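A short worksheet on the structure shown next.
Chain lettering (A, B, C and D) follows the sequence in which the chains are written, and residue indices restart at 1 in each chain.
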Amino acid sequence: MAAVEVELAGIRLRNPFLLASGIWGESGESLKGAYAAGAAGAVTKSIGAEPRAGYPNPTVESYGTWGMLNAMGLPNPGIGEYPREIGIARDAGVPLIGSVFAGDAEGFAEVARQMAETGVQALELNLSCPHAKGLGSEVGSDPAEVERVVRAVVGAVQIPVFAKITPNTADPVALGLAAERGGAAAVTAINTVRALAIDARLRRAVLAHGLGGLSGPAIKPVGLAVVWQLYEKLRIPVIGVGGISTADDAIEYALAGARAVQVGTAVAFDGVRVFGNLSRQLPARLDALGFPSWAFAVGAAHPPREPSSRSPRGGP
Amino acid sequence: MAAVEVELAGIRLRNPFLLASGIWGESGESLKGAYAAGAAGAVTKSIGAEPRAGYPNPTVESYGTWGMLNAMGLPNPGIGEYPREIGIARDAGVPLIGSVFAGDAEGFAEVARQMAETGVQALELNLSCPHAKGLGSEVGSDPAEVERVVRAVVGAVQIPVFAKITPNTADPVALGLAAERGGAAAVTAINTVRALAIDARLRRAVLAHGLGGLSGPAIKPVGLAVVWQLYEKLRIPVIGVGGISTADDAIEYALAGARAVQVGTAVAFDGVRVFGNLSRQLPARLDALGFPSWAFAVGAAHPPREPSSRSPRGGP
Amino acid sequence: MRTVVPVVERIVETPSTVTLRFDEASRARPGQFVMVWVPGDDELPMSLSYVGARKGVTVKAMGATSRGILEISVGAPIGIRGPYGTAFDVGARRILLVGGGSGTAVLAPAAEAAMARGSRVTAALGATTATEMLFEGRLRTAGATVELATDDGTAGERGYVTGVVERLLRSDRYDVVWTCGPEVMMQKVAAAADLAGVPVVFSVERHMKCAVGMCDACTLGPYHVCVDGPVFPADRIAALPEFAHRKRDPSGRLVPT
Amino acid sequence: MRTVVPVVERIVETPSTVTLRFDEASRARPGQFVMVWVPGDDELPMSLSYVGARKGVTVKAMGATSRGILEISVGAPIGIRGPYGTAFDVGARRILLVGGGSGTAVLAPAAEAAMARGSRVTAALGATTATEMLFEGRLRTAGATVELATDDGTAGERGYVTGVVERLLRSDRYDVVWTCGPEVMMQKVAAAADLAGVPVVFSVERHMKCAVGMCDACTLGPYHVCVDGPVFPADRIAALPEFAHRKRDPSGRLVPT
């Protein structure tokens, strides 16, 4: 059976599947539940300095089986309350990646510092929420800002820092390279794709916020493109996310260059048991496709490159 | 029955449905065929200065009923040969919008001038092809470049100029405003969304070019978001395109702010007869939803705005 | 999934409670809820008080949104997502139903379904005052034995409905107790039923956003009320520290109930 | 839609022509084509020479890609999209089949299907030389009367197959003529059949990219060969100025054939 363990910025994961930020990650019990169901670890809900209620409902719209639109508005209990939740998951042994957001580099550094103190293994910077004004996407679409934020956080904490970037950009590689220059240990791609739903009968936008972010199967090709592009140019590992609901989806991300993957919307479609299914099916699917291990599949769809052009990618 | 005629930059259209660029628009007979099937007019394939064979196959990948990925690579017979095709469609009375592309403002102006001479009613500048290097998307993702290109073309021709913008940007409004400043008569949104398909069995990207553009139902929410955002800030009309295959899809675009719409991928799913279906169904659907006309629906999902904040939008 | 339908009937049930009926074809089971969207306002979870093709929700005036729902007139369009969540198992033979206030809304269709299958239902209903008593007539018509309690004694026993419940549990045998109302009330009902050795099923409420088990807004211990609930066997949740005492506000913070 | 399958059989039909067989479950009708993707190389339209669950394409060495396909060995994976396009109506009773070179590939499964339904098939096959004659044995085995022509006279009549066709049309009666080969040949066949009052069906080739009627690469007058063809009644296309004389290159320019 193909080995599926992953090493990511020094963190050993029992499989490549992490719970994506914003799904199930607001409470400690849920983070624990995702791990119990089979995930290798969990990214927390994006946490900010203060509690935020998020946008009013409707906050989600679903498109049958191919997609989901949401504008939650970054609800979160605030970094003051959140250590309690982290504690519950940490005590259960869940490998945790603390997601944080803020409006500028200083804000990021401060909330990241507090998040790091809770004992998470790594941080993920949400530089990419497509619908929260002043929080994320504006910062996250300017490479100079991305570099500044990442550098500020890397300077403030002792644990690896991942930068989560937006697909709503002309040039994802510029954002990834900026994160790398800033000292990021990995880049996570992608967040949701800016989108909107209209109800013709009610003559209005469906979500209370208007604009939202598309997730689920429809964005898998979009995420694969970004991961592909990042893998070509970055030396740090890429974490793939967007539309993964089967082991084959995950393998496609690996082939495009993802060292690990995150799963979000599939939890709404299949329940958290999706992590059990994914981790059970992965070895068999790798075997069937002739890959001796997950690590072997990472980047395998890219044409062979000059050995000198980038650092070697070990595995698992 | 609700009236469905549309006035777009001085061009009268019998309904809001135009054939989108790159679908069926390489030959004059096909442009004519789309009109005969029920389209109000047709946008030509994007034409450049020289003949281009485009990328090798595979050039398309389809995702069941929700999407299509392509990287054609802007194949076109070149503006030298193309007047022959235009002639066939023009002689049949088809309202035509000539789509052109080039690598810089001067190139755009030159091919646009030649296209204008063929007798098309308007031009559409393809500032947004997501996968052809140096042609479109690089130019099209920089507002300053967009403004420069549009201004150069507007100065070179006597007919209305539409700017087609990309969704692969942090800020579509900046691109739309740049086109408006440059003198565009309308903005067309959106082109395809940058995406990629991987085949795990073959361990490679499916399309010969690697990156491609996603179209079809999955990008309707993405197109609606861009049209919504443009409508909020622009004075010139917006032409909506992306994932339209039913009259209700089109009405959603109208509500988001589209004065007219274009239909592309639905032709692959339903054949060109989709234009007959759309134009037949539209009046009944408008009636059912209580709109006295298409023009009435345009922008109707937006909160009422200060009368002074933008120019009035007449109709049809 | 989501649909927009006109309200076809509006029934004033009590001075503070209104039922809105609408036609919506999905299959729903008693206990399940829908997300009701009042265009331009919020979208709220509401249990189905009628589960057939002509569905209904029975709404009590609380904050601004529920008051807004109350004022919706016949013909006005509302958005409906769902039905979502777990349902009552209507197979039990002798059922004791305990409704506090608008909690009876979700119990009534379950009771009707059970009685239609031959079950015997006794309903203990509580309200602040006689005019606020919900679905007393509906339950009697369906064949239930109904016992009442009001805070002010204007109908049935004076005091909490839990007193009535204790008495009923002593005097008769039941296979199951279904209850919906304030969580402290449900906890007391569970304690009494425990003594009598009768299993209890709760219908509970938490703040809801996605309603599809994704956003974590509705967590209650290890559960997500939108998919694991709202109908739960009491023994899975009654002892959780977050039950009856605390809930999460829209930011996910734990706050006192 | 698209699938990747291993080649399970490789049959050398002539010195320049190879059949690749593969198992693919879609339902295909004789006349339809698939897009065959040679990973790392191009993707080309190929008529199905076998239409059952074990499908086949019969490829003639032309340019680099087709030569690449010829060299694919058993076990190697190929990509298949399709089947696409129109098919032969196999209901006719007396069929004259005219194949030029590898054109016979698409006619053979149609002839087999027709004969299985009781039709009588006469096949006129042309090739440059005897060893390049395709599917002569296959057609005879299926019960067809086969007449040959070669440019060098090494099999059957010396000269073009059109000579044979004219003779056959004079000496016997047919309900339909099916033909696939060089367009000038097909045009001559159509002219001869016209004189004899027999309707003709062509299978034609154009440069293909999307194969789903979207990209306009394969236009032939008002038609898109990928969806309106490749099998056409001759009277719809034989007189088009773009038939036999011109075709579109990959840029969409009209070039001489």
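We take it that contacts are C-beta pairs under 8 Å (C-beta built on N, C-alpha and C of every residue); 3 or more make two chains touch, one makes a residue touch a chain.
Only a predicted model underlies this, so the values are computations on that prediction, with no experimental measurement involved.
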Subunit C and subunit D share contacts with none
In the contact graph of chains, the distance from subunit B to subunit C in steps is 2
Per the C-alpha means, the centres of subunit B and subunit D lie apart by a whole-Å value of 38
Taking each chain's centre as the mean of its CA atoms, subunit A sits from subunit B at a distance in Å of 33
Per the C-alpha centroid definition, the whole-Å distance linking subunit A and subunit D comes out as 51
Shared-interface residues of subunit D (touching two or more other chains) are none
For subunit B, residue numbers touching 2 or more other chains are 201, 204
Among line, ring, star, complete and other, the chain touch graph is line
Listing every touching pair of chains gives A-B, A-C, B-D
Within their complex, subunit A touches subunit C through residues 22-27, 29-30, 32-33, 45, 51-54, 56-62, 64, 68, 70, 72, 75-78, 81, 84, 199, 201-202, 204, 206, 208, 264-265, 267-268, 271-272
In their shared complex, subunit B is touched by residues of subunit A numbered 63, 66-67, 69, 137-138, 141, 166-171, 193-198, 200-201, 203-205, 210-211, 214, 217-218, 221-222, 224-226, 228-229, 248, 251-252, 255-256, 289, 300-301
Residue positions on subunit C within touch of subunit A in the complex are 1-2, 4, 35, 37, 39-40, 42-44, 77, 79, 208-217, 219, 221-222, 224, 227, 248-254
